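What follows is a pair of complexes built around chain A, which joins chain B in one and chain C in the other.
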Partner chain A sequence: MTPPDANLPDRPDYVAVTYFKAPIERVRRVFTDPADQAINFGGKTEIGEVGERWIRHASDKWPAITGGVLAKEPAGCLVLTWGFDANPPPDHVEFLIEPAANGVTRVTIKQHHSRDWPEDLTNGALQGWNALLAGPKTLVETGTPLPAPF
Partner chain B sequence: MSASRFVYVIHIATTPEKLWDALTRPEFTRRYWCETWQESDWTPGSDWRAMTPDGRVADSGKVIQADKPRKLVLTWENQFIPDLKVEGHSTLTYEIEQMPSSVKLTLTHEMDRPKSKLIDAVSQGWPSLISSLKSLLETGQPLAETTKWPEGM
Partner chain C sequence: MDLVFRALADESRRCLLDSLSAKSAQTLAELCSGLSMTRQAVSKHLAILEEANLVATVRRGREKLHYLNPVPIAEIANRWIRKFERHRVDALVDLKRKLESE
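Entry: the complex of A and B
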């Protein structure tokens, strides 16, 4: 696949932000450690180098999700194209893990659409980003998983 | 659909009753909502006010719907930032649903005005407040950054 242009428009179409009461290293690990990923997302995720592909393998709960890796810099930043298996990846997703004050870590997901989304998708499916961050937050802060609600 | 709209969905390991109390009762909101607290009897038609720790009214409005512990709808007018106050009433809706293994909170803050500054401002504030609320309910401790009213505000 040809890597899409990593220069994203200034204004994302959707932003999800969740704050974790944990050091940045622990928050990075919850999104990259295979065991944590299996708990949180119900499937194994493989992320290639910049220019390569990434995939979240299908599980009994989730379809496979795949796309291209656009950027991994600076540390804690991951920019991907995003799409389900049946469709070519049409959208960009920026995933940022940054330190906030007082030992808190901020996780931001910005979605940039390459086309107009129908209103029900924008209002429904995209809200899932914050919900997706709820499970990892519970796991990091309490040590106990919050089962995926979907 | 409103012209300006902020939506936040989160799942919390708690009960609908505890979440309702955490959103409405002063002893909870003071801990995670920058020391603020709300005055209301939480019945439809009643007044609702959010107070700063030094006793000023931060925001106010009416209770539109109160279906404890499932749904609470308020009108919301900012009272301490002139640029936001001039925009008038917004609407805040909390919807609480029991899921198989957690409680789902859907917060919708909207206004029938394109590019509302108020909705833009609350969009910056809600993620840390709701993150802190979840931490308080699940761990007993809020996030440090939402425990104090900002100095000079």
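Entry: the complex of A and C
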């Protein structure tokens, strides 16, 4: 699938793929239902419409993460910019939810960094987005959420 | 998980993962240039790694970019390394890296 936004760099810095043993509708709900989002994004999360902003509110351990909503099309695609402060740098994260064979759903996260990041920040960000894959997977496949790593 | 272990049970494929870990988004040509393997061998090993989901790919025009996909290895770690032990394991890994680089 090609990026829905022509302005997106076409060479992501990081790609992670996982497969969910669940139908695509269920997996999509995990990323769009407000109750599920709170679990998966590690805290209360509000995602606006395209052109608006989104925010994962601060928790005890993590600062707020915020950014803009770039795209929600095609269905199962969510493209966000994000950063740890109120004026986030133009770093993109792209979620793609696609059907694979036999009722299995593939979720891809592509990260586009706008500049060279220090290693510790990159590692922290990767852990965060990886947790975003592990949380929904456990929830969808077992019905119970994974304890939040945040 | 069988596919993952089978894919990892080969030194050449582990070298390919090392290469992708050091530098993301490599094309087949780039991967070949850094390793003493034929293009055909690299291509065959990449297919096995991709099937095991250890390598993810992104198409860019006619090129195919390769990425180390950390998810299967993270799943192995999650299965056998309990969360509260992890920081101790991390400390050991750091120590080992430090000692072996001296």
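Keep in mind that, in the parts below, the second predicted complex is superposed on the first by the 127 of 150 C-alpha atoms of A that agree within 3 Å, B and C clash if a C-alpha of one lies under 4 Å from a C-alpha of the other, contacts with A are read in each partner's own complex, and residues count from 1 in each chain.
By our rule, a contact is a pair of C-beta atoms (placed from the backbone, for glycine too) under 8 Å apart; a residue touches a chain by one contact, two chains touch by 3 or more.
On a predicted model such as this, the values are computed, not experimentally measured, just so you know.
Q: Which term applies to chain B and chain C once both are placed on chain A by superposition, clash or fit?
A: When both complexes are placed onto chain A, chain B and chain C end up clashing with one another.
Q: Chain A residues in contact: does chain B have more, or chain C?
A: For chain A, the partner with the higher number of touched residues is B.
Q: Should A:A64 be classified as contacting the first partner (chain B), the second (chain C), both, or neither?
A: Neither partner.
Q: Could you look at A:G103 and tell me whether it touches chain B, chain C, both or neither (first, second, both, neither)?
A: Touch partner of A:G103: chain B, not chain C.
Q: After superposition on the shared chain, which partner residues are touched by A:K21: those of chain B (first), chain C (second), both, or neither?
A: So A:K21 only meets chain B here.
Q: Is A:D13 contacted by the first partner chain B, the second partner chain C, both or neither?
A: Second partner only.
Q: Going by the contact rule set out at the top, does A:A75 touch chain B (first), chain C (second), both, or neither?
A: Neither chain B nor chain C is touched by A:A75.
Q: Of the partners chain B and chain C, which touch A:E141 in the superposed model: first, second, both, neither?
A: first
Q: Can you pull the chain A residues that chain B and chain C both touch?
A: 16-19, 130, 134, 147, 149
Q: Using the touch rule from the top, collect the residues of chain B that touch chain A in their complex.
A: 1, 7-13, 99-102, 104, 106, 127-128, 131-132, 134-135, 138-139, 141, 143-145
Q: Can you list the chain A residues touching chain B in their complex?
A: Listed in rising order, the residues of chain A that touch chain B are 16-21, 100-104, 119, 123, 127-128, 130-131, 134-135, 137-138, 141-142, 144, 146-147, 149.
Q: Which residues of chain C touch chain A in the complex?
A: 24-25, 53, 56-58, 60, 65, 67, 69-71, 74-75, 78, 83
Q: What does chain A use to touch chain C in their complex?
A: Against chain C, chain A makes touches at 10-19, 108, 110, 126, 130, 133-134, 147, 149.
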